[in-house]
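Residue numbering begins at 1 within each chain, and the chains themselves are lettered A, B, C, D, E and F in the order written.
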Amino acid sequence: GVRSEIALASAQELINKTNEKCFAKCVTKPGSALSSSEETCLSRCLERYMEAFNMISKTYTARLSREREQRQLAQI
Amino acid sequence: MDNFKFDEATQKELATFLEREQAQARINATVHTLTSMCWDKCVTGTPGSRFARGEEGCLLNCVDRFLDTSLFIIKTIEGQRSQLQS
Amino acid sequence: GVRSEIALASAQELINKTNEKCFAKCVTKPGSALSSSEETCLSRCLERYMEAFNMISKTYTARLSREREQRQLAQI
Amino acid sequence: MDNFKFDEATQKELATFLEREQAQARINATVHTLTSMCWDKCVTGTPGSRFARGEEGCLLNCVDRFLDTSLFIIKTIEGQRSQLQS
Amino acid sequence: MDNFKFDEATQKELATFLEREQAQARINATVHTLTSMCWDKCVTGTPGSRFARGEEGCLLNCVDRFLDTSLFIIKTIEGQRSQLQS
Amino acid sequence: GVRSEIALASAQELINKTNEKCFAKCVTKPGSALSSSEETCLSRCLERYMEAFNMISKTYTARLSREREQRQLAQI
């Protein structure tokens, strides 16, 4: 369905962004393999990025509904 | 197939459904952009097992201040335009 | 009309870019509200970005017409 | 509606109009990209009530030098290709 | 023209051809993105008549480590999901 | 044909990227004309960017075919 396609596209975009941001942060000098400290950094970075995404998603939707209410109040 | 038509009620329902889904897709896209931008602004150190002091507050405020900036800019532009017209 | 849609899209893009650039420059540590010094910075930044856009728009269209003339001279 | 056709003169006029509008849209897009890039290169300080010395000159030269760079790169590539073919 | 139809074998051949070309276009796009990203990460000095020591190795490893990172992230997410479901 | 259109689009993208990267690296303070040292930097940068593109293209396609083989082995 349309709904699951949108969710899938968003999950894919989240993985791509995490990949880009965490590679930039954790693999500053690419060597012949990922080192264990790079892998530790990557798994923490992954957790933090997902946490940031969830925090920002909540903050943004809260703001949107606050503004919708204000507009409705303004129309009374 | 080209001649097949939904009745009017179903067409309206479909349109409402699609509109809501498109709004959701736009919200998703904005959340991705905001996360990327606020991550670069707020998360400056090596990622730890939790956010460093300051990073979490910065992330929470980043979205609201960005939207405030947007409103401030639009208000300023509208103010200038109404000054020019009067 | 098509013309006003293009102008509207361009104005929208200008606002988006100004928002992105001036937030990056003026709100370096987002607090619980925009401070007055952040707002001063934002309104100056807004003026400067619009000024830069107008300067660059003129320079670019001047260059385009200079190059068009040269091509026409080359065809003689 | 699908069978409706403009006469040839109107079709040509429409095509010219649309082409010109698309060219304008492309120019607008380039000006936005150039402004963004030259702003990052030239405007390094906190924005003041006018551009700092150096910032304005940098912005004015930025566009022309970027387009010169573009011509230089194309000329260099074409030079290499003609060397390879001779 | 709209009623013209290729026979089935030709249609399959065409589909295979187009699929392969689209795959090539996707590969090209990825190579452009990887080159841009690895260039920014690895080539930090002024360009010389050859790559500086370290720059070339960095470029060669950059692609493989980026793809390793991608696999690592997907594996971690799948690991968490299977833990949640058990 | 489709094939040559794809190759052309890719060559165009390569020129655009080279332009962007080398202008950023070599023309740090745009003056009234490109200086000779800027031009030297640009032609070296152009060579290096093309070299990087070719290296990365080889590495990426080698990795793709290695992974394809592994998947085929896994299916046996």
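FYI, a contact is a pair of C-beta atoms (placed from the backbone, for glycine too) under 8 Å apart; a residue touches a chain by one contact, two chains touch by 3 or more.
What you see is a predicted model; the values in this text were computed from it and never measured.
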Chain D reached from chain C - shortest hop count over touching chains: 1
Fitting chain A to chain F on CA atoms, where both chains share a sequence, rotation angle to nearest 5 degrees: 120
Pair joined by the larger number of C-beta contacts - B-C, E-F: E-F
Centroid comparison with chain C (C-alpha atoms), farthest chain: E
Between chain B and chain E, centroid-to-centroid distance (C-alpha), Å: 29
Multi-partner residues of chain E (at least 2 other chains): 38, 62, 64
For chain A, residues contacting two or more additional chains: 22, 26
Round-the-ring chain order [start: chain E; next: chain F]: E, F, D, C, B, A
Residues of chain E defined as touching chain A within the complex: 37-38, 41-42, 58, 61-62, 64-66, 68-70, 72-74, 76-77
Chain F-facing residues of chain E, complex: 17-18, 21, 24-25, 27-28, 30-32, 34-36, 38-40, 43, 46-49, 51, 56, 59-60, 62-64, 67
Residues of chain F touching chain E in the complex: 2-3, 6, 9-10, 13-14, 17, 21-22, 25-26, 41, 44-45, 47-49, 51-53, 55-57, 59-61, 63-64
Residues of chain F defined as touching chain D within the complex: 15, 18-20, 22-24, 26-34, 39, 42-43, 46
